[in-house]
């Protein structure tokens, strides 16, 4: 890796910015609730829609709640929706992908059929079905997102496993009698994990932004949870009178996207064996 | 004496920045004469390919020419901007690479490649270019050339693809054709055919051919002049007969003796040179080969040997060799 | 080649059939029935019975599925509960605006994203490359509906350049294009960043390939090298991704259609689902699924055209 | 490698220029060339008065293009009554059971469907019995045709609300008998076989707009516009922007925009606030074990700060409700019997020996205001030690929560934010609370004998004042069950272009046929 942080910053500035942003968000996610100057869901109707001021760094919303505190509290939610969901999906998706790619033909085509079926479904429909069945909640939203991410990663891993399966080094390993598990786990996995990492890192912010979209359609996290998507959605209602709410809701999503994407790319350049030497 | 096609004067090339920098070439001087095939021989990591890439201006971004000149004809191309370098590539200098399997674009037909090779005289029209392409393909030994034009690289064998690559290099009518380990990836029979082809092409090109290889047999078979490289330095140069029969530099002698083709009786151990090629990150204090040289003296270890030109096109960089003559 | 296409389409149709059966089961599982929703507080028992009978809701699910599939081939997708119009017409009316929106969105996103990706791939690590990276990644994260409202605020209200509502008069192509510009911009902006990142990644890899070095050794001009030798292969992963993301495209279209009050398949499905308008939900999702089933073979064919090695395996 | 930066920048500049060219100087502004554009939040469904879903676009079209005997009209102090239309020579209620009418001769249906006659009136009303909206014609018996243009409407039982619930409102349209009978199973869908009115229904573009044009053969009061468009606007924010951009003449305003209208008005528009005919309340399931004790219910009634709910959800523009019957309709109560008093609420809870109570609050996720009110209620009740769990549900689930026939959610239903809509007569509002509705639409699940007797008596009470008091008493009984926390009658807020003079039906529905150019 790098000798020191400054060396990291000089050699890979974007990766460094990514690391900084992600740590900031993780920090806000873990300590958000204590850091928040006000209780995120304390309603104070008389002081509604106040402009940003020293008391309220990002002003107040329609219910008089301090927007800055809600953003901080919301980062824990964003991490849960973004990072945890994508993380789980990468793990499950990779396992499925390896099985599909390396397993027998009939298993591969069945899994592929399942993957493609979930793709063809419009997110809106599946979202509504799940929300109506299980009631809108963070777990339902995470379930919905995983339903889409797992096939995506499985498909990605499957195609790289198929390619790797035919490679000479795998034939060599098999000729030496290595068990499939060993081959998959120790040899194929590092080669296929690279592309999944970069896509996963770009998906974390995409999922956070998707949550905002689903909330707009009424399928997202139920109030009073201070998700960034809800703050954004409520903000659009008073975009002329209180434009700062939309900016306050949108900014963390943008920062999260920049952070995760650049960190992901610099991780990929380090992790992906093929890209070791090249710029 | 035939004219000089290209000449390298005291060229040094370094990769990266100190302290992690690598001095790939150190003050190398070499002249390539028209009508001659000059061989470059040395172990991998000796700077052979760096020299080739320098000659065609394709040094990677991390490389820096720290001193010396690279003259193609009378133009020094060291440090030229990309646009000016592009003008000489394919026109005055062409190159054929080692691995035919990846040298051609999988998504473009053979004909497409050959037309691209003649992109400078597009004015003469597609059909003229096609006939010329067919003519050169036939010359490099490709059977039924017209039919090959519409096929894709993955439909051709390795040997056939290498012939197409050579044809592409010739189409630009270059003064200098660089063949960088072009037979290494081929099996023995194909290698022989390609070497035979190169020898015939010598009369074709009214310029020079630079043949780079670590296969001494191939060098002996087709080269007129040979330059021996070790760890970024030119250690000996001379006509092929002198290099093989009366090598002056201990490294050249050792290289020659390690050639498996020359061993008559069965031997338990194949001859080899102890130790490994060093990665030179700072200018050496003595002869770079001293640590592995069986004849090394205190002088070799403390004083950098100076290049001694014994005759026209014949020289060596070794204290002992100089003292002997 | 033809064998491959037929096989690919059959597979896609199989996927669609499986998706539709899954949808049927799922829609039936969702609580709430269309009649109370439609008539609300005034749903008399007879009205409920009449409508249920008309939609065949009173029969077991299996027969309903069988009936529905059998009627598809005769083009009868059932009747829209609210407007009593055949679902086929309802869906066919909603399809063109959505297709126009998604294709326009993806079109301009590719037209700008791909060159940007190539541009920064040729200058990895320089300031321009990093600046472009920050801008393109930032574009990905702006939720479409927020962007849509800002576009309306700025371009339509303040500058008056573009209309706010609807998809334009039928038959008046200029007016429809005029109504398409802002929504397409809102749908496409995220994709510009996404495509730029993808193309940059695969272009950097492609530029390192040996055949690109051969092309440079021939002294070919840079744009020829980028387009014919590097991009042609580097674009393959992007095409695959586009083929797969039709589902995602529809959902981002829904958000923008909602803000611009544009008709569209996404809004049609969303409203129908909330109103438990089963026939329209099924018809709409069938269209979306078929859209996907067509997109997959198309992207495979484009890849086969781009990379002859794939063609060899057909 | 020099695709120069200039080429990339110029191409994006070219893109911007191309879109600029998209601007067409001859952009037609609304209401300039005689086109009136009205924002609609829902699309057209069906145009058959017996089987439509009474969406604003459907009612709006029918009022412009079809005749009826009577139409609603507000009297001086704002209470809704009715008046005969220009199609009628004479229209009067002779006694409890008979209404005579005489049509003006010479009104001709379009598309050669002949003259408007009493036969059409008979056909139109008798077909309502047994239709989806048959409930409004329960007391209706028949129409006796006494002449080509004259006839008598006969009721089975006295039914004072017949005017405002049926004849004078959205069930009182007269249809062309011959033309409708010729339609498949005698039902209208999304077009009108024959029309008679100042405007004519020209076309419906699904998900976009419904277009009416001036009726060339109309002999009555002249139409003010060449075309009227009901434009589908899904997002109210976009509606406001379209209003500001001149693409709409009237559009609904979000509470924040309306409240801020003086400070940041939408240029070229004025603000209109119309008392709504929706009534919103929080219903408590009186039979649920946690809410069985009257004191607990009364504590919750006094524990919710309705004023802050209104300030947060409606920016203070909607009035505080005092019962079921909205303002401007007979039976609207002067004030409620309780008010926000957290101390009293805590005391009541202590008296009932209840602490650490936790309740669920269901509401419809698609109503933004409900979400805001729910959060305020959650905070208010938390202050008196009651934890509230918010349960937003999609409309499909929401409308079945309390209905025993549709699943068993009703068993565990505790608190629900409810809102129904009423026509301009108290009966239309109160019909969901008699014993017959227990477990159907009365999700608070109570029965009361005095309420029953008042309910039946009020149906035929002719003395308006007395009838009003009866309905007020009925609302008082409901309040005393502790099952109701009145919230508001959501005001209908419009931004109207200054080029247009608007007109409205009860509850803020457009009276497009009476809009005029200012």
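Order as written gives the chain letters A, B, C and D; numbering starts at 1 within each chain.
To be clear about the criterion, a contact is a pair of C-beta atoms (placed from the backbone, for glycine too) under 8 Å apart; a residue touches a chain by one contact, two chains touch by 3 or more.
Keep in mind the model is a prediction, meaning the values are calculated, not measured.
The chain pair with the larger count of C-beta pairs in contact, out of C-D and B-C, is C-D.
At the far end from subunit B, in terms of centres built from Cα atoms, lies D.
With each centre defined as the average position of its C-alpha atoms, the distance from subunit C to subunit D rounds to 36 Å.
Taking the mean of the C-alpha atoms as each chain's centre, subunit A and subunit B sit 51 Å apart.
One finds 43 Å separating the Cα centroids of subunit A and subunit D. In subunit C, the positions touching at least two other chains are 30-32, 149, 153, 258, 274. The set of subunit B residues that touch two or more partner chains is empty. Among the residues of subunit D, those touching two or more other chains are numbered 1-2, 237, 366, 394, 396-397. Residues of subunit C touching subunit D in their complex: 30-33, 36-42, 44, 46-47, 82-85, 90, 93-94, 108, 111-112, 115-116, 118-119, 122-123, 128, 149, 152-153, 156-157, 160-167, 170, 174, 177-178, 181, 185, 222-223, 226, 257-264, 267-268, 274-276. Per the touch definition, subunit C reaches subunit B in the complex via residues 209-221, 224, 228-229, 232-233, 306-309, 312. On the side of subunit B, the complex with subunit C involves touching residues 56, 58, 86-91, 94-95, 97, 99, 102-108, 112, 116-117, 119-120, 152, 154-155, 165, 168-169, 172. Those residues of subunit A lying in contact with subunit C across their complex are 13-14, 113, 116-117, 119-125, 128-129, 132-133, 148, 152, 155, 198, 202, 205-206, 208-210, 212-213, 216-217, 229, 232-233, 236, 239-240, 246, 250, 253-254, 256-258, 261-262, 265, 275, 278-279. If you check the complex, the residues on subunit D that touch subunit A are 237, 254, 256-257, 260, 264, 308, 311-312, 365-366, 368, 371-372, 374-376, 378-379, 390-394, 396-397.
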